[in-house]
Structures are given as C-alpha cells and as structure tokens.
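One structure follows; several queries about it will come next.
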Amino acid sequence: MSKGETNIIVVMRKGAMARQIANVIARVEQMGCQTYISEGEEHTTIGVVGNGRPLNREQIELMDGVERTVPILRPFRLASREFHPQDTVVPINGITIGGEQLIVMAGPCAIESREQLMETARAVKAAGAHVLRGGAFKPRSSPYSFQGLGEDGLKLLAQAREETGLPVVTEVMDPDTVPLVTTYADILQIGARNMQNYSLLHAVGQAQRPVLLKRGLMSTIEELLMAAEYILSHGNDRIILCERGIRTFEPYTRNTLDISAVPLIKQLSHLPVIVDPSHATGKWELVEPVSRAAVAAGADGLEIEVHPNPEEALSDGAQSLKPARFAALMESLRLIAKAVGRRM
Amino acid sequence: MSKGETNIIVVMRKGAMARQIANVIARVEQMGCQTYISEGEEHTTIGVVGNGRPLNREQIELMDGVERTVPILRPFRLASREFHPQDTVVPINGITIGGEQLIVMAGPCAIESREQLMETARAVKAAGAHVLRGGAFKPRSSPYSFQGLGEDGLKLLAQAREETGLPVVTEVMDPDTVPLVTTYADILQIGARNMQNYSLLHAVGQAQRPVLLKRGLMSTIEELLMAAEYILSHGNDRIILCERGIRTFEPYTRNTLDISAVPLIKQLSHLPVIVDPSHATGKWELVEPVSRAAVAAGADGLEIEVHPNPEEALSDGAQSLKPARFAALMESLRLIAKAVGRRM
Amino acid sequence: MSKGETNIIVVMRKGAMARQIANVIARVEQMGCQTYISEGEEHTTIGVVGNGRPLNREQIELMDGVERTVPILRPFRLASREFHPQDTVVPINGITIGGEQLIVMAGPCAIESREQLMETARAVKAAGAHVLRGGAFKPRSSPYSFQGLGEDGLKLLAQAREETGLPVVTEVMDPDTVPLVTTYADILQIGARNMQNYSLLHAVGQAQRPVLLKRGLMSTIEELLMAAEYILSHGNDRIILCERGIRTFEPYTRNTLDISAVPLIKQLSHLPVIVDPSHATGKWELVEPVSRAAVAAGADGLEIEVHPNPEEALSDGAQSLKPARFAALMESLRLIAKAVGRRM
Amino acid sequence: MSKGETNIIVVMRKGAMARQIANVIARVEQMGCQTYISEGEEHTTIGVVGNGRPLNREQIELMDGVERTVPILRPFRLASREFHPQDTVVPINGITIGGEQLIVMAGPCAIESREQLMETARAVKAAGAHVLRGGAFKPRSSPYSFQGLGEDGLKLLAQAREETGLPVVTEVMDPDTVPLVTTYADILQIGARNMQNYSLLHAVGQAQRPVLLKRGLMSTIEELLMAAEYILSHGNDRIILCERGIRTFEPYTRNTLDISAVPLIKQLSHLPVIVDPSHATGKWELVEPVSRAAVAAGADGLEIEVHPNPEEALSDGAQSLKPARFAALMESLRLIAKAVGRRM
C-alpha cells in the first residue's frame, strides 16, 4: 500500500446520533473517499477508503460523536474482520453458509449428460449434500480437452435443481456470460485460474448472486482476500471463500492443501470459508481424511467431486468419489462436525 | 492428455505430390480431426489434432506419399518445434522479433500523463529501444490502486507512436476490450495473471495483432506453451512468449527469473521468447545484470520498465530504470549481443 | 532408480517351509543382494535389495515355495507398505506410537533452565501429554542465537523424566553426539534441516533408540521415506515420521502444513506419522485448529511446543502454547480422537 | 533477530589512533560482545556482535576517535558488504577466485575410477579449466545408490592434481572427515543438503582450507549468507558461495537457477559467488546457455560436470558434458567474459 493512501476506520461513540454519523460521512466523502457503514451492537463504525491522497485523522477525531480512528494496515478492508467483526452468513435458497451448519456441495466436475448429472444429483441428495455442483463452462489447460456443454449444461443443472430441490453452483469464466449463468445458477463460482481476473471480479461484484471464490493455486491468502475485496467494493457482499490447494514442489498430490488457511482466514476475515479436497489432493483416496481435517480445522463446508463412473469421466476422474463412498464420507463427517460443535 | 486423444504428425515423403497431401488431409478430417500443414524445405508435415476418439495410425501410414506418422506426446502441438521446426519470426511495423536482431521494448509500467509518456518515449527511442510499452488498463491486486487511464492512455500511446515512430505494446485485460485495444496497439499484451484466462486467449487468437504472452507467475513452461496453443488454435500465429519470473520462496526479489526457461522454450517451441527483467526482479539495480544474462542465454529481446521519475511512479517505481541508466544498459547489451552472434 | 538395480519382493506360498525360505535367501544373497524377511499371517515375504546388478526374477520364481515376485518401483523398500503391510508400532517406555492410542509430545522448544523445564514438564504431564520434548542442542540459522544448553540440558531432561515419569525426546545434531544423547533420551529426534544428513542417519540407524524423523522443509514425501530407508537399512526399525510443514510462497504462516501427507504416508508406508503444528504454522493461535485437523486426518500423534512464558522464550516463543491453552487443546483433541476411533 | 540483540558497526574517524581503536574494543568486549576489526583505506570499522543484551550506542559514540555507529539490520554481519566493503578474493594454489579472472571448476560428479578421473582431468585442463572437481563422498538420496569411493577417491584426486597441476575441490559430508579431506583437497565443498548442517559448518570454519559453500535447494539468499556467517565466525574467511538452483514447481528442469541471486549476493556480501549450471538445470543441453548467462550476470566462476561417458556415469550422467562440448563451452565463455570486462 503506498504511503499516501488513506484507509481508516472511524469508530463512533456508543450512542452516537444519526446526524453525527452523517456529518462524518459527508466530510470524508468531500475529501474524495468512499465510506462503508457497519452498525454493530454497540458501536457504529465507518470504513473510509481513500484514493491515494493523505487524510488528516486528527480533523476527523475532533468531530462530534467520534470516539477514535484506526488506521488499517492490511491492504484489504471490506473483507477484514476488523472492519466487520461479525461472521458473514450467506443465505442461499433456504440454507445458509457460515453459520452453525456445515454445507456440502457435491457433484461432477463437468456436466456430461442428463443421465450422469441426474444420477449424481439424486445420489448426493440422498447422502445429505446441500448444494449440487457441476461445470458447464470448463477452463481447461488444453484447447483440445472437453470444454463443457455450455448453456445446455446450465439447463441440465436447472432441471436437476427442480427435481432434487438442491441449489446449484457452477463456474462462470468471463464477464459476458455472467448474466447467462446468473439466470440458471444459485451460486456463481470463480475458478482458481480466474481469481485475479479483475474484469470478471468486477462483473460478479455487480451480479445478484452469491459468489464462491476459489483461491488461485499461486495466490497468497492476502491476495485471495484482495480478490474478495474487489467483489465487495463493487457491491456484492455474499462471498464464500474456498481453499483448494496451492502449488508446491510436492509431486504426490495435485496441489498442497493449505489447511492452516482455514483458521487463518476466519481470523482475518468475516467471510465463510469452505474447502475443496478433490482439487487439493487430486486423489479420491485422500478426499475422506482431508475432508475430516477441513471440518476439524473449522471450515464452514466442503465442495466435493462425485461421479457415478469416475473411470469414464471426461474431466478429473481420478479425484472423484463414487456415490457410495461419498455417502460413507458424509457419515464420518457428521462425527467430526459434532466434535467441533457444528452440525451437518 | 486423456488416453483416447489423437494427436499425430504425418510426415510426407520428400517430393510428395499435392494430391497425396490433399488425400491425407481429407481422410483425417473425415475422421473428425483438424489439420495444420507445415511446408518445410524437405518434407511437408501435417499436424493432426483429434477430438478424443482413437485414430488408426496404420491406416494413414498405408496411404500414398506418407513416410511415417509420429505420435505427439507433449500436450502442445502447434506451439511445438516438432510440429514447426523453423523459428517463427514475428513482423511488427518494419521490425521483426525472433530473428538475428534483438528487440527491446521499453517504457513506463503505467501511462500516467502525456508528459510522462512523451518524455519516456523520446528517451527510450534515443537510447535505441525498438518498441514503446505502456499500460492503459492495469490489473492491480488492490481495487483501491490506480487502475490505469483506460482509453485515454491508449490515445496517448498512439500519439507517442506518431511522434517517435516506435510501435507500441499494451495490455488487454478482457475479451470485450480486445477490439478497442487493437485499434490503438501494435502488439496485444496478455499479462501474467491472465495467462490462463481462456476467454481472453480465445479473443486474441482471433485478433489481427501479434500477441505478447507473459508466463503466469506460477505457471510451468508447459502451461505457457499450452496457453500459446489456445491462441494458435484460434488462428493467430504471431505470438511472442515472455519469461517474467515465477513465484518462489525467495523474498529478496519480487519473483525468481527462470533463466533456463529461455533456452528450454527455444528447444521445445518455434516461438520467439523475450525476458522482462523488471517484473522478474522488482529491483532496478538488478535489471542490468539480469538483462545481460537474458541475452547471453539466447532471449530474442527484453521488455524493460523505464520511468523519468521512478520515485513518483503510480505503479512499480522500485523496478523502473531512469532514462540515463536505460541508455547505459543498452550500451552494455550491445557487447553481449555481439558475443552471442546477435545484434541490437 | 537406475535401470540395473534389483529390488524385488519374493512372496512365498502360504505354508512355505522354513527350508524353502532359507534356500531363497541363500540364493539371492549369493547374487550379492541383501534380504529382509517379513512373516505375515498368511505369507512370508522376502525383500530383496540388490546392488545395481540385474537380477533374474524368473530364476527365483522357479524355486520351491515361491508364489511370485513383485518388482518394486518406488525407490524406498524397507519403509514401504508393500514390503511390510502391517502398521509398525513403536514401543517407548511403556507407551506405544502407531497403535490405537494417540501420543502427544509436548514441552519447550529449547531447554532454558531447570525451573522452566520442570514447570513445563509438570504442566504437560497434568494435561495428559505422553512424552516430554525439549531441545538441548539447537540448530539455529544464526551463529549468534542461543545454541542450547548442551549436555546440561540433557541432564535436566533426565531429571524431568525422573520426576514426571514421562519419556523424553530431544534432538541430536551430529554423529559424534549420538552416544551422548542416547545416554539421556528415550527418542532421538532428527530435525528438519538434518533430514538428508546421511552421516547422521547412518549413526542413528545403529543406535539403540527409537528415532523421530522430521520432514525437511524442502523435502518431498518420497525423500522423507528415503531418509527413513537409510535408518532402516542400518538396522533401526523404530522410526516415527513427522510432518512439520513445507516451505511455500505463503508468507502468513512460517511453513505450510501438508495435511495430505498424513494419509498419504500411511498409505505408502507402515511407519507411524505424527504432526508438529507449532513449527508448521509458527503461530500459537493456529496450533489448536491445526492439531484437530491432524488427528482427523489420521495422525498417530502430535509434537507441540509449550512454554510457561512464551514472551520470554529464547527460541520460538510466537508458536508456543501456555500450559492452560495446552490443557484446553488436549480436551478438544479427545473429542476428535473419539470421532475417528482413536483414544488419547 | 530478537529485539535485545546488539549488532552494530563502529566507524572510527579518519586517522583514528591505534590507542583509540583499542579502547573501543576493550569497552565493547567488557560489555560481553565480540569484535571484528576491518581496516579500510580511509576508515577503520569495528564490527560488534552482541550476545543478546542491549547495548548503549550513545556511550560508544562519545568515545574518542569514534565517528559514528551503524546498527546492523541484516542478521548476517561478517558476510555483509557493509561490514567488509572490499571484495574478498580467495587465493588457491596460485589462482584467485573473486578477482578479474573467472574460475572454472570442472570434472565428474563422482570419481569412479582412475581412468575416468585422469581422462577427465586431462581434458578439462586442456580446455582451460582452473580447478578439478570430483566427488569421493557422495550424499545420495537412496541408501542403495553408489556412495562414492571414499578415501580411495581422494587419493585418485591427489594423483590427478599431481599430474595436471590443477587444484582440486571435493565434498566433505561430516565433521569427522574434515581432517581427512583437508589432507587431500585444496577446497572443501559443502553440498546443498548440508548447507544448514551447523556441526559441519563449525568444523570447516576451523579448517585451514577455502570452503565452497553451495546454496541449499530450498534456502533463501539470507540463509546462505547466514551459513557463511557460521564459517566466518569460526575463523575461516576463505569462502566461495555457489548458486546451484532452488526447488520450485517447474518440472522441466531439475532445479530453477536463481540468476538474480548472483548480482544480489555481490551487492549484499563481499564473498565471491560462482554458479553450478549442471545441478541447476539437470540437463546438459542447458549447461552452455546458462553458463553464459551466469558470466553475463557477474558470477566469479562456474562449477561444471564433465564426464567422458555420461551415459555410463554412476551419478548425474544426464547433466554432464562430454569433453568436446566442454571445450566448446569454454570458447564461448571467453567472448562473454570479455563483454563484461573479465577474463578466463
């Protein structure tokens, strides 16, 4: 953050009047800053985001109703717990993510056919999953690999939701298709490779849907929170973060799940965080123990790949669970959830 | 690459007739494959890119004029030297990249004002630079940082070209602005964070401009070549690759320049490769020795940040050279270029 | 592994006679190979480790009592589960590591004084720890940092064992001090920086003590198992592996705990594996959630830093728990242990 | 560095008297600190290394002859250029490393036989190499790989020196064999895996031989300089640093050569630095361009693997040059050396 930047939190006195709050806002906006109000149980706080010019904190501290100002050292603000001390709970079609209940999103990596999707949807619903996942637009490292069914996939997803009642999450890859995907999906997923695609973050920041933001495989926790900051600063505060493994030198697993990121993000931010053990490990045998670890570490949920015939999957078969194993995993997670004071 | 994929190179006999070549193409296209013809001095080769179904190589080897078929094990093909043995030389407004001459692209990270850009443009031109760089759309990790001047920046760039005669390179961040940037720029730059933004790769693959594709900061060389493959497979073969450092555990430098990538890419691919020592090191004091190393290792050029007042730069000041130091660097590069049989 | 190497497992028929087994051993030893016998419930297997010369598997398969031979592709053998299918359980002064019970090793990073060690020893004993840890010889990256109390520290450790009844684990840094440390310690610890100090591995391979082998912060899982192989091949099979975080680009934590390594090592090897959440995270606030994750993922135990006054610790204060927090952690681990069918 | 530590440099006035210098030394040693004197052309400086207790800089600045004191922020001191501004030049049997002349050390990874060593020694001598390298004690990740000829190898090395006149460098793996290796070798090599083997650093710090210290494959530049600090603080200041590649996620090369480390180390430290392109890349085809890059970046020399029959080498054949290619490389390096104002 360059030295001239202005990012402070103004903490108003307990019982500060609406007029005093409005005056503070008017003053800092006059200085060219943006403001974000957060009304807590005791204190109202005003997040002030500057535009590079220095800001005189003393001037503000002299205003009526102001208790003190706090400089913000971390480069993210709206995403920070300092700015928003309470946990954010994201409501999605009757369920919520970030509260006491753990949320499991499950389904195939790529939607391949109606049969494949429906069979999986019924199976994960029966096992207790809360959200159906499935990719219609697939970012693939090779231009010759299966790129997804596109809108046909989205339609199948909507049908699966209708039949099972499960809300659906699917990836959106560019700003232009945000409106289309929003028509069908309950949650918009930003994939790891697009975590710093700022045009896309801008677009989903203006969409009327919760966003599942996956950590880039090359991104620090701070960069993940900065990407969330982009979405928040464009007006969308229904964000779910997802740890899905980072790239390291270890070759046995596809990526290295950064399990410490879960409690660390909960400490730094108010946003809910889930874990994707399928992409993190790349091996279905590791999905179960790693899912248990994620819940034990405090994750708010999981996103897991399930496929009726992993050996025939067009994408990521090696890391997909069969329905029966997924059902067994759900049983084992119930025990861990209980041990950490959560429920499934 | 999934097992059922079909990617082979058909090597035609020396002196194979046009009719024989056409027959082979017709046959494999009938099988649902795409073909790419490359006429070498001795042999014509036909790159065959399948669509997932197995292909019977023996059937093709029995056809008239076919010498042999070669399975392609690497996942990139159009970008591979096996497929296209001769060096690709990219022509840009009177200069060429990938030939005997080394090309230096220089200018500010971000375009800030007419004065800043013009002063820099004149200085780098005087020092012998071949292309002017300058960012109008800036991908910044913070939503609160300077995001670039947008189209106003592009207009300034066009004016600088008019005055100095230098072709210009600038970054394009999303598919929607490709037409706009194409109007102004001679080379479209894909930044490191967008190396796997497939919608953007698709868009520049259809644009009528050379593309400068920067390696992602946590992308393998193979992934870089796969990203080039996306652009190639959409029809644009004027691609310049750029090594700009990868993310490692070493904190002294911003990134770690992978110098071995230069000769390795030249071995694996026919595309020209340049080095960006400014982003790779993040420190202006290291730009000179690292630039010399890049040329000694066989790079086809350099992209270097130059700013008249680095201490006041809105972006990346610490890694920008002042014009006088840039001029001294150009002198020192001439000696290295000569030592490796190249010229500036 | 070079192509000429000879590493196979000979699987004897169910009910093979001792004479037949002896004949196979004699034959392969005559060929210059070493053998390791493992008597399973149904089949006896003979691990054959060659010395670089090719070995004719068919000759051996023709011998009486031999069912089949299995080539070993992984470079580690004695450490592999293929070679030794049953879990290894390491007995230590009345407790065992690798069985149903989880083992917690706790204590200060460095032994600083009698008071500090005794106070910690009593506290961790009261909270239910099974082993006391404490460093007398400290590998420090600076020659000017506290290097440990040396033999005086070992004596304090022995006194703490006498008073509390807890077995003790402490680091050994070079071959010369192995005999000295063996006099005092119940478990010899090989630190992360020494994981590939082959002279030291050789020395502890010949010592009469269990070895706690910590994964190097730059080492792959395979390299960790190869380091264990060194110890095993010198005759010591009482090895406990320890995942303690690897070095990545993420700066918020000291290292990145590779949680997937726990189930992966259990799959690849028969050796018990524990987790060190203190060094992995470098932050005491993360020790509790990460410890829970380790147990949920299947770890056989934990090694945790506890210090009565972390703010005054001569080494690693930021990652040490105070006794009260350690006691609370032990309570919370009991619930997770139960949820995965283990006990404390 | 913990907050209470005391590390300052005392800069004496130009023309300060010996008595004044002695008084400063006496005072700070009385405070429990160590001192290191460095007599420059103009100023004498006294490096003061504390032992954890705070030191009152003002008291010292008030003493006669003291110009000022400079706190040292970097954790290494004796290795720092601040402490020792002039380049260190290490003399070795008639040649010097760190001066105008570039030094090339060449030879086989492992000494396998008299014939192999003598043939290589003669070839590298004829091509212009300055030092013969060859491993007698080999740290190998597998206990079943060739571990070197031991003392027999050292004897062959001494014979090769006698015949060719080339000084020899060979690895020492543990403190106990330092006296033995010192008997035969002109330079003691510390391998990458032992860079933080502090007992070994201590031992070579007391040896009467120059030390070639290789950077650990996951060590930062600061850690490398701290390892040099161990050797320096035990009395040996004839140290040559070696960049040999670090571990990253890129799989095409064995390691990733950190070319920026060369100018960075020259800036931070006074010690000479060479590059090992063979281990850095693991591919002989890359050794030539990467060697050229190292010299262009300012390296003081190279260590290169040469083997008469790489395809039959017992260790690291894939990265060894044949004698003819090595001779060609030497020719090409002469041109680069000239371009950067050095000579071979």
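Residue numbering begins at 1 within each chain, and the chains themselves are lettered A, B, C and D in the order written.
Criterion: a residue touches a chain if its C-beta (ideal position, glycine included) is under 8 Å from a C-beta of that chain, and two chains touch if they have at least 3 such contacts.
What you are looking at is a predicted structure, and each value in this text was computed from that prediction instead of being measured.
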Shared chain contacts [chain B and chain D, defined touch]
A, C
Based on CA centres, what chain would you say lies at the far end from chain D?
A
State, to the nearest whole Å, the distance from the C-alpha centre of chain A to the C-alpha centre of chain B.
33
Rounded to the nearest Å, the gap between Cα centres of chain A and chain D is 48
Multi-chain contacts in chain C: which residues touch at least two other chains?
218, 247-249, 251
Of chain B, residues touching chain C in the complex:
218, 247-249, 251
Using the touch definition from the top, list the residues of chain C that touch chain D in their complex.
1-2, 5, 7, 49-52, 75-76, 139-146, 173-176, 193-194, 196-200, 216-218, 223, 226, 229-230, 233-234, 247
Tell me, which parts of chain A touch chain C in their complex?
218, 220-222, 246, 248-253, 256-264, 267, 280-281, 285-286, 289-290, 292-298, 335-336, 338-340
